[in-house]
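Common to both upcoming complexes is subunit A, partnered first by subunit B, then by subunit C.
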Partner chain A sequence: MTSDGLEFAGHQFARASLDHCVKCTICETACPVAAVTPLFTGPKFVGPQAERFRNGESVDHSLDYCSSCGTCTLVCPQGVQIAELNSQARAVMKSDHMPVRDQLISRTTLMGMAMTPVAPLANAALHVKPIRTVVEKVFGIHRDAPMPTARTQTLHGWLKKRPAPKKAPTRGTVVFFHGCAGGYFEVETSKKSIEVLEHLGYRVIVPKQGCCGLAQQSNGLFDAATASVLQLCDDLRSAGKGLTIVSSSGSCTGMLKHEAHEIMGVTDDRLKDVAVRIRDMMEFLRDLHEAGELPTDFRPIEMTVPYHAPCQLKSQGMGQPAVEVLRLIPGLTVVESGATCCGIAGTYGLKKEKYEIAQAVGKPLFDMVKATNPDLALCDTETCRWQIAQSSGVPTEHPIWMIHRAYGLS
Partner chain B sequence: MPRAGKDARVPDKIGGFVRKLAVDVVVVGGGSTGAGVVRDVAMRGYSTVLLDRADLGQGTTARFHGLLHSGGRYVVSDPLSATECADENAILTRIQASAIERTGGYFVTAPGDDPAFADKFLAGAAATRVPAREISVGEALKAEPRLNPGILRAIEVQDGSVDGWQLVWGAARSAINHGAQILTYHKVTKIERDANRVTGVRCVDLKTGEEVQIDCGFVLNCAGPWAGQIAAMADCEPVDVIPGRGIMIAMNHRLVNRVINRCIYPADGDILVPVHTVSIIGTTDVKVEDPDNLAIPHEEVQEMLDAGEILIPGFRQARAVHAWAGARPLIKDSRVAAADTRHMSRGMAVIDHTTRDGLDGLLTIGGGKLTTYRLMAEHIVDAMCTKLGEKRACHTADEVIPGSESGKTYVVTHRLEAREHDRTEDQIICECELMSRKMFTDALAEQPRGSFDDLRRQLRLGMGPCQGGFCSLRATALALEADHIDVERASGLMKLFLKNRWIGLWPILYGDQVRQTALDNWIFQGTLDVEHLPQPEQEVEL
Partner chain C sequence: MSRVVVIGAGIAGLTAAIRLARAGLAVTLVSKGVGGLQLSQGTVDVFGYDPVRVTHPLEALDVRAAADPKHPYASIGREAVESGVAYLADLVGPDLLVGDPAANLNLPTAVGAVRPTCLAQPSMLAGACVDGASFVIVGLRRLKDFPAHLIAANLARTVLPDGGRLQARHLVIDVPARDGEIDSSGLTYARAFDDPGFRKRFAAALLPLLTHGDSVGLPAVLGLHDLQAWRKLSDALGHPVFEIPLPPPAVPGLRLNETLLTAARTAGVRLVQGNRVVSARVTEGRVAAVTVAQAGAAREYPAEAFVLASGGFESGALAMDSYGTLTETIFGLPLAGQDAGELVHGDYWGAQQPLFAVGVGVEASMRPVDAAGAPVYPNLYAAGGILAGAYRWSEKSGEGIAVGSAVKAADAIVRELA
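Showing the complex of A and B:
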């Protein structure tokens, strides 16, 4: 691969940002992966340092130990796009030897479509050790890695069959973006989000929608990811001009808000249009509250619950809206995890060569969750919830479940 | 280090000791010319010693862009130099591959430049046998996305970049293998003559203070901008060397991966060269009196940044890491006005002191450029052989230099690849330039009396964006740990290193580099109180 080969529009911008690095090492001290394995040379090394030694050809394959959690970019006080540089270098590195596994696990819609009709069978299979061992050997997906639970009904299946909402809309229309997981696996979270929005008086449109391409992007499949994200923009824009888009799929929201642009350099106007209109579910509620428009007639819930803010939510630069909204519920004590990352980072912790690292990264979080409440934890993003639930044994829900309950909807 | 000739100590007149050597030829000056000359002399079977008052390549040689000319720069202005460059470029890439990166280069017509110059250029390239091919602007912009999208024409040439220190050290190591002796930090104090014949050279070992007397039959003066001073030590009529000062600025990363030249008659700030991890813009050309006192004037820095902006829009927003000045070693030529040093003879000039001063056994060489250093050496050694009435053929173009046996040219990914392999076994001392602990301790063992700048020239220690802010502390600790020096000298060496880095930082303190220097300053002044470290009795200068 020469410099004439793979060129990303976003790369020139990210590369220019390396000029801001003063070698302060703050990113290195915050990196959850470098803290647990010497195999990863750390964000300062693979980002602003190694980038000066790159000219198209990929020689530092250990950069793939980066989980793309984005913590480095978030903590850099100088504005270096460390994670973005690394994601771009990884795409160059993998461009001539993309593992089948990475192509497969990044096709999230396909997985959902394949598993839903045979949900009980798929779920059973995913818990059968010999099957998982074969999967690990053949595809490199670790036998103990968390897997989504397939549902017998998709979100769109539910939408088709459910009775019309009882309350007439009083606040206008919003578009709901559910993401692949929210369509096939985390159907309950999508349902509860829609019900809360309807409870607040919104008419909710759920257009037919595809994948945002995040998993493809984090696996270095930039062309496919770009095609996916632009198709999704078309899908979401088809619901109506200028409407606010709300999503309970936190990482996919990040992809639309900034990652597709900053990592892959997508400058398409359709993406810009969606990026400025999309809100994370809890961010949307927090903004309503700040505007004095959120009803706070919550039922008390006497409980102490651990909350983990996912990396991909933190990197959206919107604070921790879930914490702000949850704290409006009487009786509820929300304890922030204080942990950097759960380790899964999308598909990273599924891979057999990364599994142990991902577990080590998440260990302080798993311990904290267990100690805080062995029965329930809250977290905004799907794969993080699966990781926390699988590794700590504590059932983990999206914060909207708690809001849903507090509004008396469940 | 193998020794050439006799090496003995004899009492001198005032009770100390004088180290005595005897060789056929003394080469004065350890720049590219001197290193090439000592290699050639040794390969032709003469016993020889090279003297430099400082480190190899510390004077003019490495104070340059890092450009290995394709010859393109001279196809219109200096056709002979163009052909020489093209030929030597091919030879050096063959014999000194590890010091050279085959980046390729473009000559581009910037907005406002005369597009017709490119036609003269192409005609000149054809006439001088310099490979050149016009490509579409689109192709150039695709390969170099930061290039000014307003360029009108682009011509592809075989420019490369070269590490001047590695080039010189490579030649020196080859010379050592052929029996030569290299004495750095040996300052010539006198060229001794017996009536009209050179008989020896007297010098002083600056690191030990020891005097050295070298008997010889011939002296080759390769001292570049200092050639006049050396000739004067043989009581010759002054040789008029006009040092032409040029400044250069290294930018923090490779803004381009090919050499970018303006396709115009040679002018200030017309070249941007990717060398190692940086890209270097240059240069200016101002006649100066003293090659030991080269300023980096503010207005020239601004001129270079403006010139960079023409090639790469947004250049001023990019981070500059270091600036320096070098002196061209031009020998006065009556054909051009003395104030215009750029257009003086870039070809080489050999001054024959027999005809000029009635002194046998001394030749002075001037002019030339790094790309043609091997050819210059061939010429001056040929001239010496003629004077000695001997026929000894030059083989320097045929023998590969130590370290380049594989024939593999340098690529910028080399160190990243090396660190990928030893990342779990070794520490990194200089993070910016990815220099490992082993690289440093090995070089230190080879040069236990070396300053950190001596080691820097071999290892690129402290040459990245932090400019020694982090690595100099680690280097100091390692040097102390290696037991070569005491704590006073260790802190003295660190302060000297930082002082020298600062010379190149002051002129470019703007933008991102200000933040770095502020942080470095807090570390050294605020946290470490560097001014009150254990002081050596005498300030460490070497």
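Showing the complex of A and C:
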């Protein structure tokens, strides 16, 4: 163990929750990975059970097959931080042999910066089988794994060029956090979120912002991830004191709300300040509705659409705000997927040794999506959308697209 | 905004939430995680021992309620228990629960004891321990929680509740649930039994070992999602088949829990999982909101009425500190049953430990009361394991208390908010 992040891993409060485990096996029954492969012995086995035998080192290396979806922590009735314990133990286990691949795929911002100027080329290359085969052989990224589509314009490029919003703000100011994907790949989702917020009467500040470090965290690169998340906190705080931060990047929001603190032990006040102020986009709209402040003059949309709540959103413990808000649109029938996980879990499903497992995890979801509406699915987080779209063939959007349409903005 | 907030996702919380939502009220159900129902045997106990084996649970609970005003059944009453049990059976349907609340079934356990219960899953009925039955108990080599030899030997040496005897022998067969796994959980087997191909392989391995007249007792792993899997296996074997519940992961409990969760979603209950309720805000003598420790920042859930279905010590709803001080951890409610002498005594094989009958006392609408018997808050109700006065596991009264109190609390709220 070499760093603060790793020092924390395995010794701090996640470990203190260990003794709350009553071995009820509820986590084992909910784990989407253990359900489809015997290679992962299950969250209780490698977590609260194996933790008792760890003295720095892990005895059970099947731990590497945990996808860190967080379902085990969510379902635990005793408050044991199973996913956190497992993420920490894995970081320690991998610390002396971190694959180059894992270091590479966790650099989301870098990918966006490299791909945007050459977007058509990059997109074409990602669809060329021989290139993907070489990438799989050299880096261990599966040839069929979903990859983001590069855009010719970044969000900040659009912000600079667009005309000033037509409507004068009537509700005060919010800060928008788009995440790396929302800056480079999911640019439309960010634009639509900003336009909906402006339509509601908010002035939207979009400070220059970096990566939250989630992919680095889930790959066990705690030092780099801690530096990233604190830099991001500075970026977001620079927009103004006490302002609500709204984000259309569900998983990055989870990193800021709890994961950086609970998995890596970041106790910095800057993180605390951001964590209490940040809201997921659909959570923000749901809260407005609860307070009677959300206009519901939605245009009818006659459609049945499947909605999948991503693990990273569920683990924020706020129910399913997207479903509640979408159901306010007349004519729209929202069918909850009922699926635990799409399989991708950030970067897990990209890895060549885990690709098949991730596909098996997501299969019930892909089937459900295809059967419900072959033309459109909704899901709040980026990599999950890419996974669903790639594996089911059904175009998948952030729920805000539907709200944007229903307000007559598109 | 929801009009009612239910705390806890066990059988009491789910039943109350569904009944409230079906009555047209907007309901939020908050829970730390998955409720305890899926750890259960997937049957419904109403009253099993008092302290001798009970044959007619409804009659017995009436007698008990009259004799013991501190027992939960005294405030719940026979009518609410009957209505709660019928409501639950109707909610999940006859593919999942059958039986007559007027009479107990006697079913084998995973150590070969004979357990009284009231409603059971149809897949368990052929295991009724009655005079003249002939069982073959079939173990699976790779499933360690089902000691077939012990079960068969214990059943064969037991004088049954009806005074008769049954015959039982055992077999162990080896049909792997999935390749490369030598120690499979019951859940892995249950998923395999959902697959017609696996059932066919299993039947082919077992059939040659059976003899005419055998009823086949198997671990309760005969299908997770396919509620007819056991029937299809029975048809393939040409023998009656029955399931014996295992320790968790308990597949029959999972089936019940999944079905109730789906019913809750369908009824429009807002499910908020993953947070502990940490405190309550009281305004002018009424509960105005509860606070949950949500990721990022705490969040309040306001409502007009609240149902406390948070369980007991096992779920953290009740706590005892190192000084022996007992607390109800959300509202700080007064606790009944603390005056029963030494709450934990050293005779662990002897009399009941009075600690486990501590809980909240309630009035006829299921509102927690103070020492004088007055409701603590006019809009707070309690159901299930939090109620004082019962030793649920030895009486076998847990589910009866839960559904009876859930239905009674829900109906009182519907009347109040209508």
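Keep in mind that, in the parts below, the second predicted complex is superposed on the first by the 399 of 410 C-alpha atoms of A that agree within 3 Å, B and C clash if a C-alpha of one lies under 4 Å from a C-alpha of the other, contacts with A are read in each partner's own complex, and residues count from 1 in each chain.
We adopt the following convention: a contact is a pair of C-beta atoms (placed from the backbone, for glycine too) under 8 Å apart; a residue touches a chain by one contact, two chains touch by 3 or more.
None of the values given here were measured: they were computed from a predicted structure.
S.K.: Just to be sure I read the superposition right, which of the two partners does A:D19 touch: subunit B = first, subunit C = second, or both, or neither?
M.R.: Touch partner of A:D19: subunit B, not subunit C.
S.K.: First (subunit B), second (subunit C), both or neither: which does A:C180 touch?
M.R.: After superposing on A, A:C180 lies clear of both subunit B and subunit C.
S.K.: Would you sort A:M111 into first (subunit B), second (subunit C), both or neither based on which partner it touches?
M.R.: A:M111: touches no partner chain.
S.K.: Now for A:C212: first (subunit B), second (subunit C), both, or neither, which partner does it touch?
M.R.: neither
S.K.: Which of the two partners, first being subunit B and second being subunit C, lies in contact with A:M147: first, second, both, or neither?
M.R.: The answer is neither, since A:M147 touches no partner chain.
S.K.: Would you sort A:C384 into first (subunit B), second (subunit C), both or neither based on which partner it touches?
M.R.: neither
S.K.: After the superposition on A, what does A:E57 contact: first (subunit B), second (subunit C), both or neither?
M.R.: first
S.K.: Between subunit B and subunit C, whom does A:C341 touch in the aligned arrangement: first, second, both, or neither?
M.R.: neither
S.K.: Does the superposition put A:Q49 against subunit B (first), subunit C (second), both, or neither?
M.R.: first
S.K.: Across the two complexes, find the residues of subunit A that touch subunit B and also touch subunit C.
M.R.: Residues 22, 24, 38, 78, which sit in both footprints.
S.K.: Can you check the complex and tell me which residues of subunit A touch subunit B?
M.R.: So the residues of subunit A touching subunit B come out as 3-4, 7, 12, 15-16, 18-24, 38-39, 41, 44-45, 49-55, 57, 59-62, 78.
S.K.: Residues of subunit A touching subunit C in their complex?
M.R.: It comes out as residues 22, 24-26, 28-30, 35, 38, 42, 73-79, 254, 256-258, 275-278, 290, 314-320, 324, 336, 338.
S.K.: Show me the residue ranges of subunit C that touch subunit A in the complex, using the header's touch definition.
M.R.: Going by the criterion above, the answer is residues 1, 28, 31-36, 38-39, 178-181, 185, 187, 191, 248-249, 254, 262, 265, 270-276, 292, 294-297, 299, 314-316.
S.K.: Going by the contact rule set out above, which residues of subunit B touch subunit A in the complex?
M.R.: 142-143, 145-146, 252-254, 257, 277-278, 314, 317-319, 411-417, 419-420, 423-424, 428, 431-432, 434, 464-466, 469-470, 511-512, 515-516, 519
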